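Written below as structure tokens is the structure these notes are about.
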Amino acid sequence: MNQTLTIQKERLGTYLNQSFIEVGRATEFAIRFFKEAIRPPYEFKELLKQCYLIGYKSLPLVTITGFIMGLVLTLQSRPTLAEFGAESWLPSMVALSLIREIAPVITALICAGKVASGIGAELGSMKVTEQIDAMEVSAINPFKYLVVTRIMATTLMIPLLVIYADGIGIVGGYMGINIHGDVNVVRYLSQVIESITFLDIFPATIKTFFFGYFIGMIGCYKGYNAENGTESVGKAANSAVVTASLTIFIIDMIAVQVTDLFF
Amino acid sequence: MVKESGYQWKLGMFVIVGLFLFVGTIYFVGKQKNLFGSTIELYSKFNSVNGLAVGNNVRLSGINIGTVEDIEFLNDTSVVIKMVIKDEVRKYIKKDAVASINSDGLMGDKVLTITSGKKSTILINDQDYIRSKKAIEMDDLMVSVKKSVDNAGLITAELAQFSSSMNNGDGALSKLVSDKKFGNSVDNMVTSLEASASEFETFTTSMNNGKGALSKLISNERMGNSIDSSLTNVKTATKGLNEVIEAAKHNFLLRGFFNKKKKVEDKKLEEEQEIEEAEMKKALKMDQKNDSINK
Amino acid sequence: MEKNYTLQNSNPVIEIKDLHKSFGTNEVLKGVTFNLNKGENLVVLGKSGSGKSITIKCIVGLIKIDSGIITVFNQEINSLEIDELNKIRTRIGFLFQNAALYDSMSVRENLSFTLRRHDTTLSGDAINEHVLEVLESVGLKEAIDKMPSELSGGMRKRIGLARTLILKPEIILYDEPTTGLDTITSREISELILELRQKNKTSSIIITHDMPCARLTSDRIVILKEGVIHVEGTYDELEKSEDEWVRSFFI
């Protein structure tokens, strides 16, 4: 009895220890990104390629989800607002919830699924097949070429994708409103614009940069530190998605608090 | 190489369209809030801003013309509001314009409403202060409503008291309303009045048409003449008697008797007058008393 | 023997002294000491997991050593800054076990990738010329626009070799160059190794289990056992060794 307890205690100890080590290594990794990103030479071409792969190639997915988000949000909010006789607030409500919260978070989650897992798997397999080592022995900084470009690409592209999701979500909202009634486009858009302030746009936009950074960072970290063996590639991809999704929610929570604090 | 430029073209489009969307939104939102285009600043002092917040709309004749830029304490009792409004509406706002704070619907935001001045012809300038009207606060509204409710309460209470005393009291008015006996006696009185009226009718009829002395006295001409002549006779007789009495007065034998008689007669007259006066006074007092009770 | 010693004394390009490396509790290298002389082909033999690959990875600084001294071109690897280490790395070619071609790039991009980054002054045409040149030297000119996934194992190895050659290295480290290949292809690769040494005057360390390859390519052989160099000598010498364990490699 006593023995099993000590064993469990030891296990807990090693588990905690490993968690701390993991966080420490991830932090080191994150800091290394900034160091390497500043120092020349810059891999512009690879950055553009990654931007294309991460940003442009995710656009169809984001378009569909964004449209559905706007549509569903409108249809679901209508009965509640109608109960208060505030149906005229539907465009404002949909626009505000899309811009402030739903579009950034859902887009980030979609990209965590698509991009973080992709990066995790790609870098993981490169690690396992010694491609990263090969780069290093040919005196090319693999961190700069692989990691910095990808993290920069996600940091830049996720906000852009969120902007698309915002726009398409608002179009979806318009469709949703027109299922039940007939609202003029200009009237709808003017109501949407009227309800938005800079305090809705800027914190939400800044938040998406963090989402992007962490999606790239976690994907790269998991892939770059994959152990040997084919199995670890899948593990890296999986754990990249899970960790990135969780991190998105944590950042979102912090962002809300910070926004509350300063504005 | 062809492949590469292909992806770069797509990426470029992607980025440009995205940025265009973003900048467009910023521009339209900014336009809404008058961040672009020429604006002027106005100030207004308020005791209370009723929850008006930075970013709320400023309206003139119901049209949004600007936003509240800043709200600051001036001292412990007053707050100064800085508003930014479109320069193009400056020509509609005169020096005597008044700012007030209203609600935009029941649940809606507060709005700052500017009422354009009427008397003045001088336009406002940038950085001007305009007068403010105390906002209708819900609290104030409630205070005035409470006052009226209190008054109404007082009135109904008194009305209730009045009607209850009317129903149960002993006053003349209450008797008039509620006493059965009084009602019966009034009824009787009216009946007997009716009876006497009909009797009087027969009396007057018989008087006009009857053959009795009284009727003849009224209607018979001949009898009237004879009465007239007899009255003339009586007149002449009394005249003769008067002369006799006058002569007797002057007779010293009878002078004493006549003087005595005159004195007694004067005294009697005075007494009668006094009693009459007292009685009148009494009646007057009674009236006053009754009046005060009924009041 | 005599000849080898003169070479060793005259010009060692790699000197390894008392190299220790352990992973956790597993002590893999327990004091490895050997030299690589200029122009020499050194074959390292040993059982799987005896630390051969780790030793050559230590040489290029891929793995940090626990203790010992590794000197390449008279510079100690451990104490070097990353920039200086990279300068040495460009003079060393490293052929990985599975060639480690960059999957997302075509053969051309795989080859020009390194070159472009080390000589930024080169024009597109010059790079193309270099790429064709090294592809010709490994005999795979026609594969230039293929993706690594389209290549066979032997072709991958050759392309991998071409990639290491493109920077004209003075030392080439081969990590099991013939593993997973059929006998004929193995022989071709072995001949290619010899040919390249002839042409470029390179020194090489070759890790292998393949005895025909070792026989063909080796000037000298060292055998690793339990983390130390067990024996050293030419192919012929070791084949006739009195040590049964050593002889067992040559059966």
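Chains here go by letter, A, B and C, matching the order in which they are written, and residues are numbered from 1 within each.
One rule holds in what follows: a contact is a pair of C-beta atoms (placed from the backbone, for glycine too) under 8 Å apart; a residue touches a chain by one contact, two chains touch by 3 or more.
Quantities reported herein were computed from a predicted structural model and do not represent experimental measurements.
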| field | Distance-to-centre winner among chains (Cα means, whole assembly as reference) | value | A
| request: Find the chain most remote from subunit C, comparing centres computed as mean CA coordinates. | output: B
| Rounded Å distance, subunit A centre to subunit B centre (Cα mean) | 73
| What is the distance, in whole Å, between the centres of subunit A and subunit C, each centre taken as the mean of its C-alpha atoms? | 42
| Averaged-CA centre spacing for the pair subunit C and subunit B, given as whole angstrom | 114
| request: Can you tell me which residues of subunit A touch two or more of the remaining chains? | output: none
| Residues of subunit C touching 2+ other chains? | none
| said: Using the touch definition from the top, list the residues of subunit A that touch subunit B in their complex. | reply: 48-49, 51-52, 55-56, 59, 86, 160-161, 163-164, 166-167, 193-194, 196-199, 201, 205
| task | Mind listing the subunit A positions that touch subunit C in their complex? | result | 41, 122, 125-126, 129-131, 133-140
| note | Per the touch rule, the subunit B residues reaching subunit A in their complex are 7-8, 10-11, 14-15, 17-19, 21-22, 25-26, 28-30, 32-33, 55, 107
| query | For subunit C, which residues count as touching subunit A in their complex? | reply | 57, 60, 62, 86-87, 89-90, 92, 94, 96-98, 100-104, 113-114, 117-118, 120, 163-164, 167
